[in-house]
């Protein structure tokens, strides 16, 4: 997304996402800071927690206070997983900032059967939300099938997360009429 | 611990720990591989998951099959936390190996109020155990107070972990007569 | 620099620089790919050599073949230097690509007395150029004084580089009438 | 090498090498600190410069002041080269310590045609020495052929290094009668 496209996207989308590779694209940060839609700010692949919060500050300073932070994995020497999901960042951000922080366990690992364990871990660490991809037939998905869950795994995961959130005195928000139909 | 000291230590200790800085000290690995006590093998600060499993293999190949893997944080560019606890490693190790894997959230962050969130996250990710330090008065502990929990926080954490373990169909093993006396 | 500003900047500047934080800002890469000015493409702080070359490819694919690669330091666990200048990248890029590659030893270390050693090392490794900042009184410079050289150090460095370049059968290009006046 | 073997090795070898994986094996450091032979202390794969110097201090504190530091590459996210040779460390060590520091460009890259560029760069950065492997027929070497130079490349490299060292007011020490016979 280019800074010029922000007004157009903001007219139709419910939320504006600033991708990891644009976390320090200041022209874009300024522009989404003027939009009246929530902004999902992904952490850069090699950004420190401080830089991430500074980028959020950049948006907020333009007037848009609806910023959601999203941890999606950092770059380390490990080659087995695509990235290393940094869950330490969750309690650290919770201490340093009032902004909500969610976790995207898909890119963090890039491996389907690692999505559920890391999603559970994220909630247990105090994350305010998750990004999960669901597909009725992940093995034949046209895109990102390798990191998508099927409906029945998703339902099982949501059940587990409901309990874990309860441990922290929290609940899972479920939109009215929300359903995943088991395949 | 030096390889020469292994027989002496094994006579009195219940478990032999190979520290992160010695994960590839092959003389030591060989020696604990001949001991008849369980070995706790910490992951090196910059070791890949594969290297960690290879070090375990080194021990097992000498005859000692009682090896417990322990994730304790890897080195990244992040400076806010002392290390970055790599919880991705838990489901990966679970897939690649039959060995139990536990998590040490103390060194991973080095910050007391980050220990409980990361301990919960570790269990949610599938870890088989945790290393937690408890002190009746952590602020005045002679050593490692900054990463120790007080008794009441520990009791609360154990309760939370009992529920999270249940989500995964597991339970918390409690030694007979085990108690933490609240301060 | 925003993609919208490229035509304006290209009218007046001799060269367009894509900064490290924008190395994967694809809207910007596309736009400078349409400009008729050379592009200096800095390597991202945590970009692999392959990603860096892919970003160059992005520019070249739009028609602008005048791309200069610039290594400026990557992010590692080391905290003594601001970044770690990756000179391994020079011979690797020379093998994989025909594009010229230069080195910016200022940001790589962020320390003045490390600039000259790393500048010499860069040329010895085969770099095609350097970015050096000179100030007649670095200690009182309004900006970036900490990484600027004074005129006499610069003259000494250029002399050293002339000899090192000669070792590789190369020479230092000196614009007609070029002079650094010793303070 | 185990700490027990130090006296035996010291009786026959001219120099004791502490490998990268043992840089923080304190039992070994203490033992070589009592030997009367020079010690080559390799930098750990993920050791900071400060930790490296602390390990050297460990040896020196036992009485053995003949310590040579050796940079051999650190672990980063880059996968094209086996490790990333950190030449920034050379001027940093030169400032912080009086100990000689040499560079091992073999493991830093693990690729033969990268050895000569990185060897030249190391000397240009101020290194006091190099570790180079020479084989009369590297393609058929039983071990480490991929990172060995043939005699004629070595002679060419030594010539280049002689000139680069001269730029820094230094010379190449050549043992009396030393020769590499071109193949």
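Just so it is clear, A, B, C and D label the chains in written order, and each chain counts residues from 1 on its own.
The rule is short, and it goes like this: a residue touches a chain if its C-beta (ideal position, glycine included) is under 8 Å from a C-beta of that chain, and two chains touch if they have at least 3 such contacts.
Here the structure is a predicted model, which means the values were calculated and not measured.
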Most widely separated chain from chain B, with each centre as the mean of CA atoms: C
B-C compared against A-B, more contacting pairs: A-B
Chain centre separation in whole Å, for chain C relative to chain A (CA means): 34
Gap in Å, rounded to a whole number, between the CA centres of chain B and chain A: 29
Between chain C and chain B, distance of the C-alpha-averaged centres to the nearest whole Å: 45
Interface hub residues of chain C, defined as touching at least two other chains: 46, 75-77, 79
Chain B partner contacts - residues on chain A that touch it in the complex: 46, 48-50, 74, 76-81, 84-92, 95, 108-109, 113-114, 117-118, 120-126, 160, 163-164, 166-168
Chain A contact footprint on chain C (complex, rising order): 1-4, 21-22, 24-25, 27, 44-46, 75
For the chain C and chain B complex, residues of the former touching the latter: 46, 75-77, 79
